[in-house]
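Pasting the structures here.
Each of the two complexes below includes chain A, the first together with chain B, the second together with chain C.
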Partner chain A sequence: MTQARAPASRRRRAPTPHPVSVPRFELTSIRWLDAILRWRPLQFTLIAATLGFFVLAILTSLVGTPVGNRNFGIIFVWIVWWALVISLLVPLAGRLWCAVCPIPAPGEWLQRRAFIAPRPLRTLGKRWPNRLKNIWIQNFAFLGVAVFSAIILTRPAVTGLVLLAFVLLAIGLSLVYERRIFCRYFCPVGGFIGLYSMIAPLELRVKDPEVCRRHKTKECYLGSENGFGCPWLVFPGSLKRNAYCGLCTECLKTCSMNNVALNLRPPGLDLLVSKERGLDEAYKAFIMSTCALLYSAILLGPWGALKDAANMEDWRTWVVYAIGFIAMNLAVVPGLFYAATWLSRRWARLSHAPTRQLFIDFAYALVPLGLMAWIAFSLSFVLVNISYALPVLSDPFGWGWNLLGTRDFPWTPYFPARIPYLQVPILIVGLIFGLYITWRIANEHASAPEQALRSVVPIAALLLVVTFGFLGLYLG
Partner chain B sequence: MKASTLVLILATTLAIGAAVLPWPGERATPTQRVIHVNARQFAFDPPRLHVNRGDQVTLVLHATDVVHGLYLDGYDVNLKAVPGISAQATFVADRAGKFRYRCSVSCGSLHPFMIGELVVGPNTLLWRAIALTTIAATGALAFLYTRSREVAR
Partner chain C sequence: MEIGRWRRQEAIALAIVLLIVVGLPAATLGYQFGLRPLLSANVQEVEIVGRLPERGGWSVETVRVQVGKPVRLILTSDDVVHGFAIGKMGVDAGWVYPGQPKVVEFTPQRAGRYTFYCTTWCAEGHWRMRGTLEVYDPQDPSAVNEPVDPPQTDWQAEGIDLDAPHLAEIFPAKRPSAARGAAIWQRTPELPTPDQVLARLDLRRQSPAQVFEMLQEDRVPDLALAPLGRMPEGDLWDVVAFLWREGTAAESVELGRELYQTNCAACHGENGDGQGPAAASLLSSSMERDLQGKHGPQSPADFTDARSMAGGTGMIYYGKLVRGGMGTGMPYWGTIFTEQELWALVDYLWTFPFDLSTQER
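Then we have the complex of A and B:
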């Protein structure tokens, strides 16, 4: 019904032990929490707050000072918000950011012609083409933002225009298509949140899938007088992974069978759901890991020529840089991974599993390491630059205001020499977590521990080399 | 004792060893050095400096285009140079490892990423981290393997 993805990539062989048997704690069994989540104005209230910040960020970016570290937009989007999302919200709560994100809000309110009360949607109601029901657009959108990152991160006006473009695109899409097409298929931020949200120990799931199967009216998907049908085009009844559920809690409000729950569970389970894996998601994992590595070299490294190229000092060098950047993401890293998969298949004699299938499956082992690498990377510039947040709170436009009296707070890097002592354990945790996932995936295909071990070794070696790469950039 | 438990104990012991035991690596006799660093938008030249632990280092910062700064992580050094007027500071490099130096004066768009590196050798922190990571990875695999053999039996 939903989650229609490229059929070829969904085929699979060995059955995965369904991770449903693991212990879970149902958060919605806490009365007051359940009441808050079901309170209709909740979403609007939260989004109204983030929208306020967002509008301020766009305004300050567009008309405020062009000096990045004096501009509210740059500091609050790329340091405060980024640190919050990648180091706290995603690892702990998955897509929780999407629940409060202001970007789709104007389009959604137009579609609904309402802020709170459920009403029939008003759009052209076109259906999204089947061919595009995957995250390739999102992958390319992320890459597109990534090659320009040095420009976007440091020029307030460019940041402002990019944010504005996101909102306009989201509005345009919601006028033509049903529901949140922008979130589901376009948003570059949603791409990485979705991938890494599979690790989070928080999930929205139905309590009993059997109840859903027998329930004919399916309000969670179609909507009812209690709420809208799933804005993310997901059918909660068959939801097994966090990747595409925006935690908007509409289904919690609509389901008349009281069958939807928010759970705490062991982290990373979704990476073991073999049925919904696909090449598009595998590439998301490659792109994200590669970008973490490249950013660590370009932005945090000492190489001036690389910074000049990324900063478009001269467009010819930039073209070479961009080609190199994209080739690393789409060809070199996936190529190395493919080679490791090929070795693994040969050495472990996994001839019953197609290489392509193994390639896709094993790519999910990069997800924990990738997330931890992003956190390690972010620490390097967040702790050093977070003190800029105080002056811009007092003087968001950089016009010399001093609203809170903090305008002249000096740049203060916080214990920069200690950061490596945090980065090493973070990377090691990511690596061990990644190896565990590799092991579990290997066991989907291998029939004995020896065979599993053989198939794991080439992938493990590659993960280890990648980790060494990060260690070299941070400590070497 | 079960093999998997043994693996766990062994790997943990090795990891703790790699993290805290004295690390081989000869210590050169301390010298005095004077190092000139040129700052331009948005790079330092040279971008990487190598000294030995115990060296007395004098950093001289020259700005070649606009005003730049040099803040050295972990050491109490923060210089500011105006084109034509250099700035300098002397310190003893008594801690090993890699320390970034960053521009501390807003000098343009990429200012927050204007970074150089001072490596105070021998860089044992890097080698400890590599050893630790390798032990952790091998230990994890050995543990998973022995565990699944025990379960299979």
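Then we have the complex of A and C:
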């Protein structure tokens, strides 16, 4: 009997098995580290520390000086925290920030009616709708924040209100829905941290999936007397990517089989896990790369009118800017990428792979380039403005305090002339990494190396053009 | 046992959270707005925030302080660099940078109404950045209403029309040089000393053109200046410049230069040519547009214009400084500068049409 062929649009190649053969180092095999991670008050302790900074940031933003570079909220949120997250935490430790983020904490504490001790959750018991179990809301939330970014990043009061809105939304969602719905489906920051955390060399995984399959009580997901069920609604037994694991280490504490580990592994492995790729994540990759490019153009480029428009100098110009900004993110760049994918499919004769699937898969090649572009872009303002951190530590409200004696520390831009020398190699690393991922993804679809090479060329050309675009902006 | 441990941990955690969420805001706000003013009870602390004129100017426009009681002004700017000074009190804080509080302390010694103002051109409406410091004396409450050091001149009584054009019939073709004038005077032995001539002139009430004509026509009372009348006009203008230099104290010119560069150069230009960075925006400002057809927008005066300057007198410029240029955007300086400072400014203005340096250039 001849087997009927499925329609092209529904056919997929077999999922690539999780690359288990790569070397990993189990950090939790270090006894003291394992003990720390299993210590129940750990997360509360870390969150309490960040909560202090967070409360101070909101307070200074709302009642402190409206001058951005003298306001603790602006400097510590958009310079210090951003530099820490984008340049260190995400590339090296993935979602580690999510483990210590204070935003969901109040909601979670209310939901748990406890700070540390495991207790049954108390919410309205609503389940998050299936059709919204994706990161489209995060994508649009990020875009929403992004079009207002010039205002949010420079006006302390706006920053304070946005942070406050995040907390209130997280609390509201915690009271209605189970677990961390805000983090998982709403948080605009969590969206990009999740995407780029797939590059990180740190992962939380089960040691042996077979143990999880056999273990009926599923404490890691449902919770036990040792801890809560995964706040991120992730079943660790099937966890293959960092994207939605908040590294809260609850599963480490709850797993009675001692089957959860924190590993060091080669970076970027998650990008090759084909099974869980989706259009929402692909769009996150487009949005993040496009935003990095647009921000570089707005903030580093020579176009004063663009800066004025982003700064909402007048409403009409801003509306045009916002429409252009969103169109670039949702239509122009994805459209160009789709065209490149279509060319790739045609030229390499990958007729068995739907263009849509190739479009989604190849989009993951933008992840390393996008992250490196963000790091390179961030260097340009972080190094120039980080010296403001000292005065605002002494005088967080701009009220004339001098707590640490550093209030009058002068603004000192660090290595301003050398920043391009740092940006270029960072971008080139991103490009090479992106090309490598493209090649690996191409091989998932191609039956021969020549076919893979042909399919890579249009995507690689687009990555090169994007890289040159960034270089043009950074080098002036 | 386990339950007891949990309870203890939860209690500690709750205390920490309350400390952060409630204690931190309460402590910071309580200190700033409660404890801090209490700690400085013997000093009157006033916070003044500078904002662009279109956003309100100084956040406190009237400050009331007491004679003899120390005052601590905490100055901040919310937007651009402003300058802060209190006229006629000798308090000058210099530049106030955005978000960087600047503290100025002083003890007012005399009751009255003083004007504080922005000392750096910050925006089109910079001149509107003014406020009043009321210094009251509990022993003499009415003294607070006394303006401090008012200009004493009555222009009407002197017959001076500040707004009338004062273009000279005769004016120098090139910039007169005091140094050349000095050399001419030295090589003309039959002339009296410059002091003798200056004693019979009133350089504050006479324009350079009038002085020129008096010298040319030998009309200076009780003096014979015939040799000057025979000189070429250019040389005689150099002599006029020389007399102007001799009649002006160098310290006064230097004080005037400082005041001019701080307060006037933005519109009138560093070189006095009326081409300061604020000149163009002054003309296009909304206020000026509103006045079009009534008083009309005007360019800032060009002090290098020989015809206009040769026809003007020190009294005219002094009067314009005191009163300001009605409808032109020129602020009134009478409430800010002392009489000495006003005359110092006038003295400096003559350095634009005349080269008053001692070395010939």
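Heads up, the rule we're going with is that the second predicted complex is superposed on the first by the 461 of 476 C-alpha atoms of A that agree within 3 Å, B and C clash if a C-alpha of one lies under 4 Å from a C-alpha of the other, contacts with A are read in each partner's own complex, and residues count from 1 in each chain.
Criterion: contacts are C-beta pairs under 8 Å (C-beta built on N, C-alpha and C of every residue); 3 or more make two chains touch, one makes a residue touch a chain.
All of these numbers come straight from a predicted model, not from anything done at the bench.
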(request) Answer with first, second, both or neither: which of chain B and chain C does A:Leu163 touch in the superposed model? (result) neither
(message) Contacts for A:Ala200 in the overlay, against chain B (first) and chain C (second): which applies, first, second, both or neither?
(response) neither
(request) Examine A:Ala243 and indicate which partner it touches, taking first as chain B and second as chain C; both and neither are also allowed. (result) neither
(request) Quick one: classify A:Leu56 as touching chain B (first), chain C (second), both or neither. (result) second
(request) Would you sort A:Gly400 into first (chain B), second (chain C), both or neither based on which partner it touches? (result) second
(message) I'd like to know which partner A:Gly301 touches here: chain B for first, chain C for second, both or neither.
(response) first
(message) Quick check on the superposed pair: does A:Val67 touch chain B, chain C, both, or neither? Answer first, second, both or neither.
(response) both
(message) Which chain, chain B or chain C, ends up touching more residues of chain A in the combined arrangement?
(response) B
(message) So chain A touches chain B in one structure and chain C in the other; where do those two contact lists coincide?
(response) 67-70
(message) Please output the residues of chain C touching chain A within their complex, sorted ascending.
(response) 6, 9-10, 13-14, 16-17, 20-21, 24-25, 28-29, 32, 74, 76-79, 98-101, 103
(message) Give the list of chain B residues in touch with chain A in this complex.
(response) 40, 42-45, 47-48, 71, 73-75, 95, 97-100, 102, 104, 106, 109-117, 123, 125-126, 129-130, 132-134, 136-137, 140-141, 144-145, 148-149, 152
(message) Quick check on the complex: what are the chain A residues that touch chain C?
(response) 40-41, 44, 48, 51-52, 55-56, 59, 63, 65-71, 109, 114-117, 391, 395, 397-400, 408
(message) Quick check on the complex: what are the chain A residues that touch chain B?
(response) 67-70, 150, 154-155, 299-305, 307-308, 311, 381, 384-385, 411, 413, 416-417, 420, 424, 427-428, 431-432, 435-436, 439, 443, 448-449, 452-453, 456-457, 460, 463-464, 467-468, 471-472, 474-476
